[in-house]
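Quick heads-up: structures coming right below.
In what comes next, subunit A is part of two complexes: it sits with subunit B in the first one and with subunit C in the second one.
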Partner chain A sequence: MAGRRRRRRLRRFAVRVPQYVLIVLVAATANFALPRLMPGNPVELLLGEDANRLPAETIEKELADVGLDQPLLTQYGRYMSGLAQGDLGYSFRHRRAVSTLLRERLPWTILLVGTALVVSTILGVALAAFAVWRRGRRRDVASIAVFTFLESTPPFWIGLLLLIWFGANLKWFPLFGSVSVDRTTGLARAGDIGVHLLLPAATLVLASVGATFLLARASLLGVVSEDYVLVARAKGLRERTIAIRHALPAASLPIATSVLLRVGSLAGGAVIVERVFSYRGVGTLMLEASFGRDYPLLQGGLFVLTLIVVGVNLLGDLLYPRLDPRVRR
Partner chain B sequence: MATDRLGDRHQAAGPILEVTDLRVTYDAGATPVQALRGVTLCVGTGDAVGVVGESGSGKTTLALSTLRLLPGEAAISGSVRLGGQELVGAPAEVVRRHRGRTAAYVLQAPGRGFNPVRTIGSQIAEPMRLHLDVSKPDARDRTARLARLVELDPDLLESYAHELSGGERQRAMLAMALACDPPLLILDEPTSGLDSTTKAAIAETLGRLRQEQGLALLVISHDFSLMADLTDDLAVLYGGVVVEQGPTRTVLTDPRHPYSRDLLGAYPSMTTQKDLRGIRGSAPDPADPPTGCPYHPRCTQAIDECATWAPELSPVAGRRIACLRGGVLTRLAAKNLTKSYRTGLRRTVDALRGVSLEVREGEVVGIVGETGSGKSTLVRLLVGVDEADAGTVEWEGRTLATFEKAEWADFRRRVAIVFQDPFEAVSPLLSVAEVVREPLDVQHIGSGSDRAQQVAAALAGVGLPPTDAFRSRRAHDLSGGQLQRVAIARALVLGPRLLLADEPTSMLDASEQAKLLVMLKDEQLARGMAMIVVSHDLALVRKVADRLVVLHAGEVVETGPGAEVIAAPSHPVTRALVKAAATLGTR
Partner chain C sequence: MSRPRRLRRATRTLTILGGVTLAVFGVLALFGSALAPFDAGERAGRPFLEPSRDHLLGTDDIGHDILSELIGGARVSLLIGLAAAAIAVVGGGLLGAVAGYRRGAVDAVLMRTVDYALVVPTIPLLIVLASYLERGMRSQILVVAVLLWAEPARIVRSQVLSLRERTHVLAARTFGAGAPYLIRRHVVPAVAPLLIAQFVRVVSVAILFEVALSFVGLGDPVRRSWGSMIQFATDRGAFLTGAWKWWIVPPGLCVAAVVCSFAFVGLGLEERFDRRLARGAQG
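Showing the complex of A and B:
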């Protein structure tokens, strides 16, 4: 029986792989096209206000240097063949390989988004479970109001408020950056990273915990009225055991779906939050690249983000049958 | 046979479950809903007790109360003692320790009782790990043993609920309930939603478990046949009150509370052959329960006091019922009637030789016999037209022979007769209205306009047009079917409590006969009255009669529920009658 199940799961997976390959190809093409649809060109922005006064030959030479003098189709061909070899190209602006830049910055964003995702999920689900189990009409209404408000608040506004209160007024936390330059070793560095992480992560948590809470609350409410919760209670289980071992696993499918879907939106939120806190993540990098029309960096960064989102979806496909055996059919 | 007891059980002496004056009110919406209004129930160690009732009777509330599983908005008062421990008002932790251990709950719909994302086996093992100090491997062994005990393939323990059939899920549910070897199982509709074969198999398993494990059962259901299979004692719940309580066999074969009787009448079973009968009116609204006896608005024998007095359970005929009138009334009772006629100077004919008969409220008794069996004589005696040589006829407990004039008038008003031949019974010169009004005139009931109204109602009741044109028609202008209807309208116009119909359809063709019988049954359901149908036609009588009385040569040779008499006739005369009854095709 177990062997048959594993085979079935493998087959499911095998069916999905071409779909994912297709998605990545389409996304890569879009990543190529989108930056080039923006007005202006990288050389003008690179050379600044002087660009108008420079002779046309200089500009053409600069364009040829970065390969922008070629027809679009040739550029596309180079880009795709580069991708196939794992080469993300060379940033105009930073004069460095895109992959090196991303390798430097990505861990910070992953740290920020990952922390926010984990904390907001745990917090949201725990608060929802608490609200559902201890439900009193007035408190329920109040919690819904608070979390709906939080959910509809833009992250930059929350970020600015936190920055003003805790950073500028109370001076509890640094105002910008992701790590201080002077602390470089061991625990001191870890603590420093934590202190820098706290406000931006808290901003993202506050901006996204509402959605998790509301969804988890709705899913749990659907579950607690199910007969098996009554049966679990009739077996003599403690309320906490019922919540953790019966209600949460049964409600986990929609919660997991929302968590995975939120990776994309959190990455978007991270761009804003990184900007507000001058955090050294991919978000800041991409924002700069977009202002500078740094095509290779934009393409590369977007491509890596695409891979992450697709990877998360793949993870979901693998995870769902484990969360809910009814999906396995 | 060696019994596979799952473990030693420290059994307390005395009843395992004692519910005393239990009241539960749900206070959620605008008006509080009284689900239980004083229920007392006792399950002894190893006993099997059933609680039967329709949806809304409070039976699920009762099941949940026994483990205090009611939702937060339920206010509970009275007493629930489980294994000697009072649960009402006990701390949650104390109640929790008894759940699954002293009594286990088996849920109504087995499909939804299992968590869909966890394996069946892990859920069965869960209470063991909780209540009994067993290791994980031991729990697994025990789970497999439990599966075998409830006849569930142990391989299925690794499956999820959606992979099992309804019957398998119910067996798994039983295994889970038995996990901690509780002395009491509470089964809430254990077989609803299962097909009849699976149902029977589950019932059989339950019966065996009860024997082998010494389990006590509290079975909550609306299914009488399950009760007959599983339980020794039965309580009938209506409107949050127990209305009848006694040995299951006694209650099911001879229900005495009007509600139990009516509910059984509505239950399809192979032991009744007549048509199903609904109960008039609808179940009480628990937010606004009727005062007095909860059944009085639907009861056909209710008197004014029923609306003000809530009856207590009191013993009647081997069980206890809560009815001010002492249960289903016996309207007419004949005891040892003997009658002989002189046919010549020295010759007499024994028309009746010790005939006894009982007709209860709401019941249809069919008297079947060949010509000359004494049917007509019996009818004459029953309605007091003739007097018996010996024996008595009683109307609601009073002997006809001792009646005063006023009592006779009352009796005549309450017992109506429909004769075989309407052309003989109805004067051809009277108009339809006059025929139907005649009894009202004779009894001096109501004013002229009242009478006209009652006549119109009676005519409408029997399906005749209450128009002036029809009412002024002469009896001799009508067809046989119409005339018989007019005769029935005349019989019903006084609102009788007993209708005696002597071969009411013998003059009619088959389709008229069917329509007339359906109409009679409808009238009986709507008004609530007893009926005696006298006929030689067994095929016809069995369709309407609850009970058959077979008469032969002035004696009752056989009596019993219609289906039993027909399926297994014990007397040669009955056999002959059954054989002679109309059949289509081969028997």
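Showing the complex of A and C:
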């Protein structure tokens, strides 16, 4: 039995992993092709706007350094093998390797997106369970309208209003940044990080809780009419026990899948929200890069974010059998 | 009253509400220049005026009337959203149809691209693409469309794949029907309702993308959209004074109202098509 199960898991692994590898390859190829396809001079795009003012031999030397004088296929090979070793190029604005820059900023974005994801999932599912147990009543219908409206508001606008109200007017929270410079140790620092995190994370939660709510509601509705819920009720179990022990586990599968799938849109929303709060994450870095026309940094940021999203999706795919016994067998 | 009936009635109310809101904004977008109290580019008063009878939403840092800017923004945001969605749905639909019809290598390449487009974090990609292009309305439309074609393409492809095996299509092919006839007679009618529902969904996303892009300063530098209004207001420190109440809140509310209305209309459309599809399957 165990052997067969392991073999099945291996087969699942063998089917899924290449698909994701392929997506990463497409992403890398798109990254390679973009500066070479886009209007404008690739020399400028890869070396910076000021490149044309340099003396000709310097340009040639720089080009040879980056490998732009080679045939396209050789360039592609060099690009891919560099990428495999974690080389994302060189940011001419910061005069540092793109990978180092990203490594500094990535933890902040992961903290922000991770917090928002966990909180919005718990909140969305709890609200949905509440709504389903009172379904059809006026408040249930109203909640659909309210959450659709919330889903329709631009996240950064919600963030701005939170910042204006709780930051500028009430002065409860700092107006920008992800940590203060003067608090550097232990508990004080952790608290400081938390205070800076709260508003941006709340923004992302507000912007994404609607989707979780609507999905969890739909999937709970599918479950509550099942026979075993009726049986549970006939046994005289309390409604809360039915909801938590019987309905939620069965409904959790599509919810879990959608949570993992939403990492992408959350990470995207975080980019803009980070700018509102001047949060020191990858998003702020990318937007700065966009204005400095620092293309290697921009593309490196995109590539790393894509990698993370693909990784999370793959994780979800591989965890799926553990959540769903029907697939495991 | 039973639950489904109440839900259906609520859906209808929401759909009508959405339709009316969209009609109002449509009129503003079409005839805004005649309806607005001032020209959006005109210095209508002193800068930083508070709301008054002359300027219902005050004036901005140059003295433009904010209400007139808001009305002008309706045209820009709606135009970009509609145009980008149209390109994405029609273009994506065509690609999907070709992939489903041709199958083989074409299909494989297209579908791997779709996989990528569905996974890639959209807003970062949006920023990267927009940074390469000239700032302007046309490139904004293009970039947003490029991000949204994948879902329609996938939907149409799976429809075409299933259609080509259905008996009535096989029968038509046996009688020698060519691709143009099959597409006109069988593919378009089957796919159209799906695409219309898709279009409504895509428009809302497109408008949100446009607003986000303009907010981070990657929009059209000349035409003021709702997103760039919020950006300018933030850059001019509107939240340190009280000006945010009439400078930042209204454009955001407009975006939310329009996007939400599209969602409500989509809800109604989906239900109608669903019922028709269900009946079609029975008969």
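Just so we're on the same page, the second predicted complex is superposed on the first by the 275 of 329 C-alpha atoms of A that agree within 3 Å, B and C clash if a C-alpha of one lies under 4 Å from a C-alpha of the other, contacts with A are read in each partner's own complex, and residues count from 1 in each chain.
Assume a contact is a pair of C-beta atoms (placed from the backbone, for glycine too) under 8 Å apart; a residue touches a chain by one contact, two chains touch by 3 or more.
Since the model is a prediction, treat every value here as computed from it, not as a measurement.
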- After lining up the shared chain so the two structures overlap, which partner does A:L318 touch, if you call subunit B first and subunit C second: first, second, both or neither? neither
- Message: Looking at A:G301 after the superposition, I want to know if it touches subunit B, subunit C, both of them or none. Which is it: first, second, both, neither?
- Response: second
- Is A:A190 in contact with subunit B, with subunit C, with both, or with neither (first, second, both, neither)? neither
- Task: Based on the superposed arrangement, let me know which partner A:G264 touches: subunit B (first), subunit C (second), both, or neither?
- Result: second
- Query: So, does A:V118 touch the first partner subunit B, the second partner subunit C, both, or neither?
  - Reply: neither
- Task: Decide which partner touches more residues of subunit A, taking subunit B and subunit C as the two options.
- Result: C
- Message: Applying the document's definition of touch, where does A:L10 land relative to subunit B and subunit C: first, second, both, or neither?
- Response: neither
- After lining up the shared chain so the two structures overlap, which partner does A:P249 touch, if you call subunit B first and subunit C second: first, second, both or neither? first
- Using the superposition on chain A described above, determine whether A:A232 touches subunit B (first), subunit C (second), both, or neither. first
- Item | Touch list for subunit A against partner subunit B, complex | 1-2, 226-228, 230-238, 245-246, 249-250, 252, 323-326
- Which part of subunit B faces subunit A closely enough to touch in the complex? 67, 69, 96-101, 104-105, 107-109, 112-118, 126-127, 130-131, 155, 158, 160, 162-163, 173, 176, 179
- Mind pulling up the subunit C residues that touch subunit A in the complex? 3, 6-7, 10, 14, 112-113, 115-116, 119-128, 130-134, 204, 208, 211-212, 215-218, 227, 230, 234, 239-240, 244, 248-249, 252, 255-257, 259-260, 263-264
- Interface residues, subunit A side, partner subunit C - complex: 19, 22-23, 26-27, 30, 34-35, 38-40, 45, 135-136, 141, 144-145, 148-149, 151-154, 156-157, 160-161, 163-164, 168, 264-265, 267-269, 271-272, 275-276, 283, 286-287, 289-291, 293, 295, 298-299, 301-302, 305-306, 309-310, 313
